[in-house]
Every structure is written in C-alpha cells, then in structure tokens.
Amino acid sequence: MSDTAAQQPVRLAHLDAHRYRDWVARGGATVIVPAGAFEQHGPHLPMGTDALLSTTIAEAVAGRTGAKVAEPFAYGYKSQQKSGGGDHLPGTISLDAAALIAQARCVLAGFLSQGVENLVVLNGHFENYQFLYEAADLALGDVRAAGGGGGAAPSVLLLSYWDFVSEETLAEVYPGGFPGWDIEHGGVLETSLMLHLRPELVDMERAVSHPAASLPRFDRLPVVAERTPETGCLSAPDGSDARKGELLFEQVTEDLATDLRRELGTS
Amino acid sequence: MSDTAAQQPVRLAHLDAHRYRDWVARGGATVIVPAGAFEQHGPHLPMGTDALLSTTIAEAVAGRTGAKVAEPFAYGYKSQQKSGGGDHLPGTISLDAAALIAQARCVLAGFLSQGVENLVVLNGHFENYQFLYEAADLALGDVRAAGGGGGAAPSVLLLSYWDFVSEETLAEVYPGGFPGWDIEHGGVLETSLMLHLRPELVDMERAVSHPAASLPRFDRLPVVAERTPETGCLSAPDGSDARKGELLFEQVTEDLATDLRRELGTS
Amino acid sequence: MSDTAAQQPVRLAHLDAHRYRDWVARGGATVIVPAGAFEQHGPHLPMGTDALLSTTIAEAVAGRTGAKVAEPFAYGYKSQQKSGGGDHLPGTISLDAAALIAQARCVLAGFLSQGVENLVVLNGHFENYQFLYEAADLALGDVRAAGGGGGAAPSVLLLSYWDFVSEETLAEVYPGGFPGWDIEHGGVLETSLMLHLRPELVDMERAVSHPAASLPRFDRLPVVAERTPETGCLSAPDGSDARKGELLFEQVTEDLATDLRRELGTS
Amino acid sequence: MSDTAAQQPVRLAHLDAHRYRDWVARGGATVIVPAGAFEQHGPHLPMGTDALLSTTIAEAVAGRTGAKVAEPFAYGYKSQQKSGGGDHLPGTISLDAAALIAQARCVLAGFLSQGVENLVVLNGHFENYQFLYEAADLALGDVRAAGGGGGAAPSVLLLSYWDFVSEETLAEVYPGGFPGWDIEHGGVLETSLMLHLRPELVDMERAVSHPAASLPRFDRLPVVAERTPETGCLSAPDGSDARKGELLFEQVTEDLATDLRRELGTS
Amino acid sequence: MSDTAAQQPVRLAHLDAHRYRDWVARGGATVIVPAGAFEQHGPHLPMGTDALLSTTIAEAVAGRTGAKVAEPFAYGYKSQQKSGGGDHLPGTISLDAAALIAQARCVLAGFLSQGVENLVVLNGHFENYQFLYEAADLALGDVRAAGGGGGAAPSVLLLSYWDFVSEETLAEVYPGGFPGWDIEHGGVLETSLMLHLRPELVDMERAVSHPAASLPRFDRLPVVAERTPETGCLSAPDGSDARKGELLFEQVTEDLATDLRRELGTS
Amino acid sequence: MSDTAAQQPVRLAHLDAHRYRDWVARGGATVIVPAGAFEQHGPHLPMGTDALLSTTIAEAVAGRTGAKVAEPFAYGYKSQQKSGGGDHLPGTISLDAAALIAQARCVLAGFLSQGVENLVVLNGHFENYQFLYEAADLALGDVRAAGGGGGAAPSVLLLSYWDFVSEETLAEVYPGGFPGWDIEHGGVLETSLMLHLRPELVDMERAVSHPAASLPRFDRLPVVAERTPETGCLSAPDGSDARKGELLFEQVTEDLATDLRRELGTS
C-alpha cells in the first residue's frame, strides 16, 4: 500500500526513515524546527509552555504548507528578567549559550546535509533568538565545508511567532492597548493561546492579577529578585480567553504559512 | 483547592512552576530525564522511537515511585554502525559529543541547583551513554563549584533501560535464543515495545525479514555502507508482537522502580 | 604630589595601575565597558562608528558619575541583515558568538575579581546584546567559583544606549515619525551623533538618499544580498545634523548617568 | 570628488566601507593588526601602554608602506611574572588563551575572507605571541575550508616590534649593557617610547628606581608575589628619555617597513 | 646504506622523519595508535598497565602486518566504577571527554593529512572507546574540509583488544567460567598479560584475593565508594599466570593481525 | 615485605596505586611531568626526540630529588618554522592549542587534587611552553574551585630544560660560539644528548652538514617551505658527540635538581 504525503504524519518523529528519505528525494523539502524552553510561566501555565506553543504552531503551519516538523528544542537559553522573569526562578531550567548553539547547529546541519532544502526555525522563547541565529550561521558553514547539502542551495529561516501577530489581532486581543512584547511572559498572549490549544494544562483558578512589571532600561546581574512579580509573570493574564487564543493562532499560522510559501516558492 | 502530588501531572512540562517549587521544597524530589535520539529505525518504526520509548518508560517508573519526568533529549549521539546502522543513513540526525554533553550538563546542573535531590538519566539510545556520563560528572562539579544544590547531597543515576531486562523475559521474548543487545536496533525488543505502547506509529506491513547484520569486531570510519542491511535494522523484527512488548515494559518498569526505591530510599 | 580622582583620566588605559589600585580600594568603583563593532556603515560613516559612539558616550557618563572607562570591545557579533545590513558586506569584520562571549567574560571577570564593584557594559552594536549578557552571567559565576571579588556583592549592568533615547528626543530627531530602531543602521541617529562628536570622520557628500530597507519578518541565511540597500545603510541619513546629535548625546548621557547613580547609589 | 589612498585615514576604523572595498579590490591590500594588553606598567606608565605602542608603531609602518591599521586587540594574554610581573597585580586585566585565540582568529579570518592579501599582526605584549600564532594558523585553515579569500594566496606575518630593535640602537639606549628583553617591562624601552610618543601619559615623577627583578629560571604558579618588585616593573626606567624613544621608534618602524616591503613585494 | 622496512623500528618515535616520509610515500601505510590510561590497577599491577598492554599488543600486530606504532595515549577517560573502580581512587589520573577527544582528533588528523592510509586505534582502557570514536569521526571531517589526505580514501579502525579474545581462549583462561568483561579490571586477563609481557612490573605477593565486585545495573555519581573492593580491582587476579598471558597475547595478536590484513588488504 | 621509596620505580606508570597513595600521604610529594613532541628532527634523529630527552632528564632529576615521573606528553604544539622547521613537514604530528591545554590541564589538576604538592612540568619542545603555562594556570583554578588539593598549598613549576644549560657548558659544547637556542633544532645540543642517552636511535651516517637556517624576524604563515633547510634541522649537528651530551646532561640535571630542592624545600 502506498500512501501520499498528505496521509503521512506531519511530525518527523512519527514517520519512518524510508518515507522521510523518499520525501526529501522528491525535492523542495522544508522542515520546521520549533524552539522553546523549560521555564516558569507563573502559577497558571505549565513550564513547557514555550515548546508546546511553538510546536503546535509549527504543526499547523506544516499542515498548510507541506512542510514537516522536527522535534522541538525543549530547553532554551537562560530566562532574562526583562523578558522571562529571570533565570533564578524555580522551574526554569536553561541551557547556556554554548549548549544551545551546539545543539541547534548539529540538528540544522544534519537536516541540510541530508538534502532538506529549507529549514525554518520557529522560535517560541524570546531569549533564544540570537543563539539560534548563530547556530544557523555556523551550520551553513559546516555544510559548505563538508562540500554539502542537496542539489539546491539550502536556506535557513529564523523567526519568532509573535512577530507575525498583526496590528488587527493586537487590537482585538489587547482592547486596552498593547503593552509591548517585552512584558508578555505568562500574560494574555501565551495564556490565551494555551487556553485555545491545551486548555487541560491551564488552571485559570490559580491565575493572579497584578500590575505589569516595571523594569529598568538595563539588565542587571545578579538580578534584583523583587523586581519580578511574585507570580513570575511579567504581566497578568487578565482577560485571557480561548477565543483570543484561537484568533491569534489562526492569524499567525495563516500569515506564517503565506510568508513561507512566498519566500520558499513551495505550494 | 489544594491538590496532591498524585493528582499532578507526572510530566514536568505539564506542571506549573509553583507546584514544582513546592514539590521540591518537600524534599527527596527525584526527576527522571529520558534520553533518546532522532534516528532511522528501518521502514516499520518511526524515527523518534528511542525518545518515545525512554520517555514512556520514564513516565511509568515515575508513576510507580513518585518521581517526575523532565523533557527528553530528543536528539542523541551519532548512530554507530555496530549499534544503530550508522550516522550516514537518512533520517538519523545526531548531536556530536560536545553538543550532547553541553545540553545534558546544563539540564542536570539546573535541576540539581534548584534542590532536586536525585536525577535519573534514563537512556534509550545506546550511543548516548558515555556522553551522558560525562555530562553528569561535569554537572555535579558545576553544582559543587557554585556552592550548590539543596540540603542533601545530590546524586545522579544513569542507566539504559535494556540493562533491566531480566533473563526470564529474554527467554520469553527470544525463544530462539537472544542474539545480543548489539544488534537490537529496529529488532524484536524495540518493535514489540512500540507495538505495545504506540501501535499507531508502527507499520508491520512495511517490516522486512532479513538475516541479522554480521559486523566486524572493530568500528570502521568512514563506514562501509553495505555492511548495514538495506532496511537500516541490524536484526529483523520477525516475531515481534504487542504481548512481548507488554511483558518487556511491565518487567522493566517494575524492576527499575524497585531499584530506584531501594537506591534512593524513596517510597 | 597627590591628585584627586577628578584630575585623573577617565579612560583606564591612560591611568597607571597604582592610581587604579587606590581608586578601587576606596570602594564603590564603577567601570564602564563600551562595546562596539567593526562594521560597514554606508559610504558616509566610518567602520568604527559603533565603538566610537559607545566609547564617547561612556566617557561622558563616566565624567558625570565618577566611573571610569575600560577599553572598548572594538569588534562585535556578526552583523545581521535586519539590523546591520548583513555580515557578507565588505568592511564588516565580526566575532562569532564564542569569541565575543569569551573575550567579554574574561574582561568582566577580571575587573570584578580585582574589587571593582559595578560594571556597566554600554553597548553600541545591536547584535552584541545577548552575547554580552551571557558573558556577564558566566563572569559572575567565575568570580563566585573563585571565591571572589571585593567586599561588596558585585553587579553588572548591561544596556544599549539607544534604549535611553526619550520620547521627546525621538520626536525632535524624527519629526516625520520614528521608523523604529531596527532600521537605524547608518541612519539619522548614528549620523547625527557622529556629526556632533566626530565630524571629521563623517563625509555627508558621500551620503546617499534612498528608501528605508523593507525586510521580511524573518531572518534568512544565507542572506538575500539584494534586500540590503546598496549603501549598506538600512535607512538613509537624510536630515541628520550635528544639532540633533548634540540633543541625542546630551539627553542620553544625562539619563544614563541619572539611572546609574540611582541604581548604584553612587554620587 | 575622488580621493587617493594617501589622503585616506590609515586607521580602518576611520575609513568608510566603500573606500575600504575599493582599496581591497585594487589588490595587494595589507592590513596591520596591533596586539597589546591592558596591564599594569608600574606607577609611571599607563595601563594601556602595550596597545598604545603597538598601534602607534603600526600606524607609522602603515604610513611608510601603504598598509592600513585595524583596531588593536586591547586586552592580551595573562601577564606572566617573568615578563610582565604577574597576572595577580591590580590593573592587569587579561584574556585566557581560548578568548585571545578566538578573537584573533575571527578578526584575521574576516580580513582574509574579504580579499585582504597580507595581514601583519604587530605584537606589543610578550605573552600574546604563541596565542596569536595559533589564531593565525586556525584562521588560515578557516579561510581554506570556506573555499576562501581573494585571488592571491593570503599570508599572515606575525612579529613583536622589539625583535626589530637593532644592535646599534640597543647600544645607544642601554649604554651600560642590555639587560635582556625578559625584564623589559615598564623599563627603559617602553618608558622612552612613551616619552616620545605619548608624553602626556607618562609621569616620571612617579617613577621609582630599583634593582632589576631577579627571577628564577622557571615559572612558578601561583606566583610568589614578592619576587616582583613593588612597582610592578621588572626593571627601573632609569635613564629613559624621549630622545631614546625617538631613536627606537624611528629605527624600528624603518626596519619593519623595509622588511614588509621586501617580504610582501609592496612598494 | 639503504635499509628495508623490516629492519626499521616498529615504533615511529624511534624512526627518523626521512625514513617515515619514504615509507608513507610507498603507499598503503598503516599506523596503529595505542590508547591506554593512567589508572589504579590494585596493589599488584602498575598504574600504566592499560597503555603498556595496548602498546605491546600494537607492536606485535605491527610486526606481523608491516604497520608502525605511534606513541600511545598514556592518559585516558575517567575511570568508571563499573569498569575501572571509579575516578575517585588515588592513582587514577584522567582526561575529561573534551581533552581526550581533542588530543586524539589532532593526532589522527595529523597522520591522515600526511598520507597515512589506514589508522588503527587500539584501545586498552574500556572507558575510552566512545570518545576515541568521536575523535576519529571529527578527524576524518577535518581532513575532508582541508581537502585532504593522501591519494587513497583514508580509513580509521577502532577496536578494544579484548574483543578479539576467542571463546576457546576464554575457556582456557577462565576454567571456572568467564565472569564478564565488565569486572575485568585488575583481574585475570590484565594480570596474566602483564605476567607474560612485563613480569618485572607485577608483584603477585601484593595481590589480594576477594570476591568480584557486585555493582548495580546503573552508574551512580558521585560514586558510593564502598562499592569498589578495597584493592581497587573489580575481580581478584586469582589464578593468573604468565602462560595464560602468553596464550591471550598470541591469540589476540594473531587474530587482530589477520583481521587487519583482510580488512585493509595489506600483506 | 616492605620497601623504601628509594627501591620503588621512579616512573609512576611502573608503580602500583597503593604505593603511590602511601607516598603521597607522607607529604611533600613532587611529580615531574615531561612534555615533548612528535616531530621531525632531521635524518639522523628519531621523531620522538623531544619526549625521550625530557623524560630521561626528568628521571635523572627525580632520582636526585625523591620526585617521581609521570607519563610524558608525547605530542606537542605545532612545530613553528623558526624553532622546529615548521608544521608542514612529514613526521611532525602536532596538537593544536586547545588540545594541548586541555590534556595538560586535566593531568595537572588530577595530580594536585590527589594531594601531590608540587608539580614540575619539564618541557623539551620549545613551542609547548605558553600552552603548558595556560594549562597550569587553569588547573590551579580548577583545584581551587573544587575546594581542592591536599593540605599544603600546591605549586606548579614550569621550565624548559635548556634554560638550565650554564654558560660554562655552552662554551664547551659550542667552542665556535653559541648560535642561539632558536636554531637549535636537530643541532648539536639535541644530537649530543641523544648520542649520550639513546645512541641506538641516532644514525650519524645520515646526518647532513649545512649552514644554519637564516630566518626572518617574523613568523610567516603559511610557511615559505624553502626557508627550512632540506634536512628539517635548523642547524647542522656538526661536532656533536656523546661526551658533550654527557656534559650537558650531567650539568643540567644537577642544576635542575639543585634549583628544585631549593625552591620546594625537599631534600
């Protein structure tokens, strides 16, 4: 019995290597690598939030574009106080720069050297970005030095999913005005998305309302612990709901899929 | 509403950080870190087999011991021809030694520095073992240098789950005689376990019967590709079934749980 | 003849080690480490712009706060297309992540281990930030592991100087509306500052007017070279002048000095 | 308005990238990279002495040869007791081997990959030499692996400026006999050069006369602190003057320029 | 006077570089690199046992095959409790993973880049194996990236000498039944080989009889010291003698030589 | 039967761990670590010359001082043209900086952490020195961070044996005037020492007389191959003989032993 790509699992970990080999050999293969973190997200969201969100978004984008999804990076770079509350908080287990770069470099170079033509690193943890960029740059160098990759010139795209939230969506999700991505940690965006996608992992009864964190314009290390709200969230999840989550999810995955199709010339 | 540990998710990624903090503070916390790989497993098993198996076994052991399960290492050390068919095969995406050591070192040191008293690295990919050992040794040094960890002296246990298969189980699973762990890649053990635990990801119609690989007593690099059977399996999954998988799973998780309880003094 | 701190050079490289030793021994010593880059800045600005600006700002802040200024990091992290035009452009000589982290880690740990109580890393090259953060975190760990530092608990502050530009200043400098920091490379901010501080190094006759770069929401590697304007600037320096530079410089150094005094309790 | 190379700044950080690009494209471009240190030099010389001297000598050589000067390495390898008094002294902020190698490797590879044909690393801090050598060797390997560099085979020259002091100059500078380069730290050579080149940074009133350090034939770690004279200088600057500095400077730059012209075939 | 290869020393360290050059140029050169350790081996065997044995076996194999022997790796990876008693024991001086990999990588790449066609890494310390494998893999990548090696495609073979002990030999050496390689540390195999090859370094009067170690199925770190017998041996050397050593030595070297000839096509 | 230290082997690899443990426990233990290289030494000297000489000298010094000798570092840093002919020559197999530092760091930290109070790194390959220095510095930091070492404050001494050749010896060995250590590669010093210590490994019939190399004052990479004499020696071994070797050996070992006794307070 033969099957079509559409019937195959979108998650590469669920696919066998022979089908993978054939899929790559057909040309134009795109693999999305979700990047997350293992990080405290307050009392109402699970510690795996970032990887869960980036993986779920990756799967939806893959479903719309014919791409496939690699296993996520489940641990991310150190949580910073101004974007994630800080690396001192219990429940935040982080990689240092060298570890994250090394891991991502190997994985990206591995796919490229097997003929995958396009890699999309879909980031869901703010602090990861620059280290994933370094990994992508080094991986491309590795593949070149090894004489490598498939026929076509490979490319790596790197993005954080929130950069695809539109102005219109922002206006709906934050009717009182968007407070800025910097304090969106455990706040309305992540909580709403989780309520839509993984409601069984959210406990809104434990959510706490509190003013948004007011942090200085610099980073300070060691952190002054009391600058992070006690919950560990930088802004409260007040007003989060599954409908906002659905809106965010649908708009972002649609826009992301559209951009990928346009950029990579895939159908 | 308060909840008990038994009602909480066994997977830390599904737990919130406040409950995690309280759980650690009660003392004696044990976290199991599953280690797998992203590796071809022939035409009938998915590429994520090693991480799926080690994670599922970890969850079962955690359920029996009160431990909790961290996110698995989804990428492993380079597949070697004599134990995994070789790193040249499509569908095998590997970390080099430095990347695997760095990742595991950060994660292990992270849990230890937050007061987790016992870490169990539960390995499901043969080639990982020595690199995980190095990571554990370095992580303990890091925690010591940082003045570290919780009150009790922390410990790290490292094991591969197949080392807990008993002689009795082997006799039942391999009625014709056990061929050795070295060629158990994509063979009866892994296939039976997957048929028991994740049957929807196994396609026995695609399984191929062939003689076991006959490999020299040395490793050779670059590999002589034709020494690996075309399927990528080192032995055929002939005779695999879900009942054997259940037997393996139940015996191994029971023995593993027993050993952990005895070693760590947990209930 | 004794001299006072006020008579001493603000630049540590110009001070002798005996005076430095005495200054540190008096307690509360703050050292500002400017971070820049060696990077193309279009046809009208010199390649050393980032280090020149961060060093000059550091000296002014030091003059207002009693801090002293270490030698700048004259080479920075790889220029990214969306913030610096890209690392492929002639005249951009970059460090990779490991090199930048290692250098900054040694320098920061060095000052801390000699009893300098506060370090301020004053960044002038967007791409550096996360790697400097990692360096600061590792350096503090090094000092702790060595049993170290002076009497008081040391701190490291990290900032990019443009984060201290006020809304009022923005409104004056960009009367037509602020286009965003992301495309401020070789544009009005840097050009005006240089016209105020180092006019002999700016050649406005070579400046080119062109629309701001329009870049996608993702990073792509290898870069699509034509997405960067031919000048290498992401926005044109149209409307730059020394008066705007002076305004920017005075407001930023004053605010920065105020924040440092408040944060570090120095006079 | 076109300009000629002669009118352009000799310091690359002061040049714009377009002129740099055109200069490299004309072929035969030589870039001198000065290497220094941030190191105590006794009570009469500034901590930046090594970088100041190597940069100034580099500029003079560049002026005589048509080369250009990159930004100096302002931090150097750990000061050793037998050549710099020791790394334990306040005011000495050092890089470890990995950091210095990584930094220099990136910078050298960067220039070579852009088509600069000759690099001259002009060292002014004894302890740097072997690490700069390693960096040059690795950088050339990087460029080869990347398929690299300009048309001509690139070369890297590495030297310490004092190796170009002639016997005649030595005889004039040290009329009582040359005591050896090993104890020339903060002594007559460096002091005289600084008195000639940067007199405003030298304070001869603070200079102390003392016997030259008498150090064993081995290095010992941790250092026996009292083996270094209290000043931090290994020999006293007695008899230093600007005239000797001028003699040293003129002879060394002339000989260095002559050697470079002969070796590199530049005019 | 010309000499023949047979008259030349088998140990490369005893050969001059000109003869080495000529030998390599004749084609088909095979170099054996012995890997050992500096490790406690109980009260009756010297700490250099592993390197002594692997080097002596390498010399014998070289004598039978025309190969030559490089200097051994005299320090090995950390001794693990289940195979070597543990790294905490006095007299065990170990390399960490990065150091062993780096050393072996350089040496292997060095020989390959000079045209040696076959490298055989002959391991005599259990814990080394995976790190030597990584080194071999990386070295081959280095040579490829450098455009390298001699005319023929180079190969690296990696083996531990005990994997060549035949069933027949085992039956003679362990008449009471083979207890398994895992507890063969300082036991009958190593002691008998040393009694045959280096009797002057064995002191059987100091040998202690004790039951074999009984170790759990997992590794634990930090080690529970009392699980290692007081001698440091995992099994007692009872019944060791030079005749068994000779049998082991002759059979292993003969089989190893046969396998190498067959695999490498050398005479 | 008890034995005395004097009856024990001076080479630690030949000693058992129990005797080693007792020796260290008596206090004041000094271990000498010889460092060599695997390097071409012309047509008349073996490639292992540097390690052979440093090890033999170490054994003699140990015999005079009660120290013991660890296994030598048999591979050294890259041969440089101005001191060893260059790393491009067949027969020279080198470590890069990271590998040599890592290896030496582990070995030195290992001995120190077991209570060895004094380490003497006895270098026999010019290019190694700075990297061994870095290793010693890092190893001491490791031991400190681990809370380390024995009771007394440990020390590491680092030296190259030729720095102990006296003026009187030089005058006898080089009656025509000493040409400088820089071109002593495969010349009179090494050849005479080998003729005294390992005459069976020297083939004076193959020695070639030629003028000393005349090398520029800079290092150039890639090397200009023809600047190294065809033999690979930087000066000819003309006039070498075993009597000079004996003189050198006796004087150097005596002076070295005297210095160590004085410095370390050992008998």
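Order of writing sets the chain letters: A, B, C, D, E and F. Residues in each chain are counted from 1.
The definition used in the following text is that a residue touches a chain if its C-beta (ideal position, glycine included) is under 8 Å from a C-beta of that chain, and two chains touch if they have at least 3 such contacts.
These figures come from a predicted structure and were not determined experimentally.
Counting only chains that touch, the fewest steps needed to get from chain B to chain C is 1. Both chain D and chain F derive from one sequence, and where they touch, over half of the residue numbers involved are common to the two copies.
Averaging C-alpha coordinates per chain and comparing to chain F, the farthest chain turns out to be A. Farthest chain from chain E, judged by C-alpha centroids: C. Between the Cα centres of chain A and chain C there is a gap of 30 Å.
Each chain gets one centre point, the mean of its Cα atoms, and the points for chain A and chain E are 47 Å apart. The set of chain D residues that touch two or more partner chains comprises 96, 98, 145. Under the contact rule defined at the top, the touching pairs of chains are A-B, A-C, A-D, A-E, B-C, B-E, B-F, C-D, C-F, D-E, D-F, E-F.
Only residues 141, 144-145 of chain A touch chain D when the two sit together in their complex. Remark: chain F residues 1, 9, 11-21, 24, 38, 40-48, 51-52, 70-72, 74-75, 89-96, 98-99, 102-103, 105-107, 110-111, 114-115, 201, 203, 205-206, 232 touch chain E in the complex.
On the side of chain F, the complex with chain B involves touching residues 145-147. Residues 77-78, 80, 87, 96-98, 101, 120, 127, 129-131, 133-134, 136-138, 140, 153, 155-159, 163-164, 216-222, 259, 263 of chain A are the ones touching chain C in the complex.
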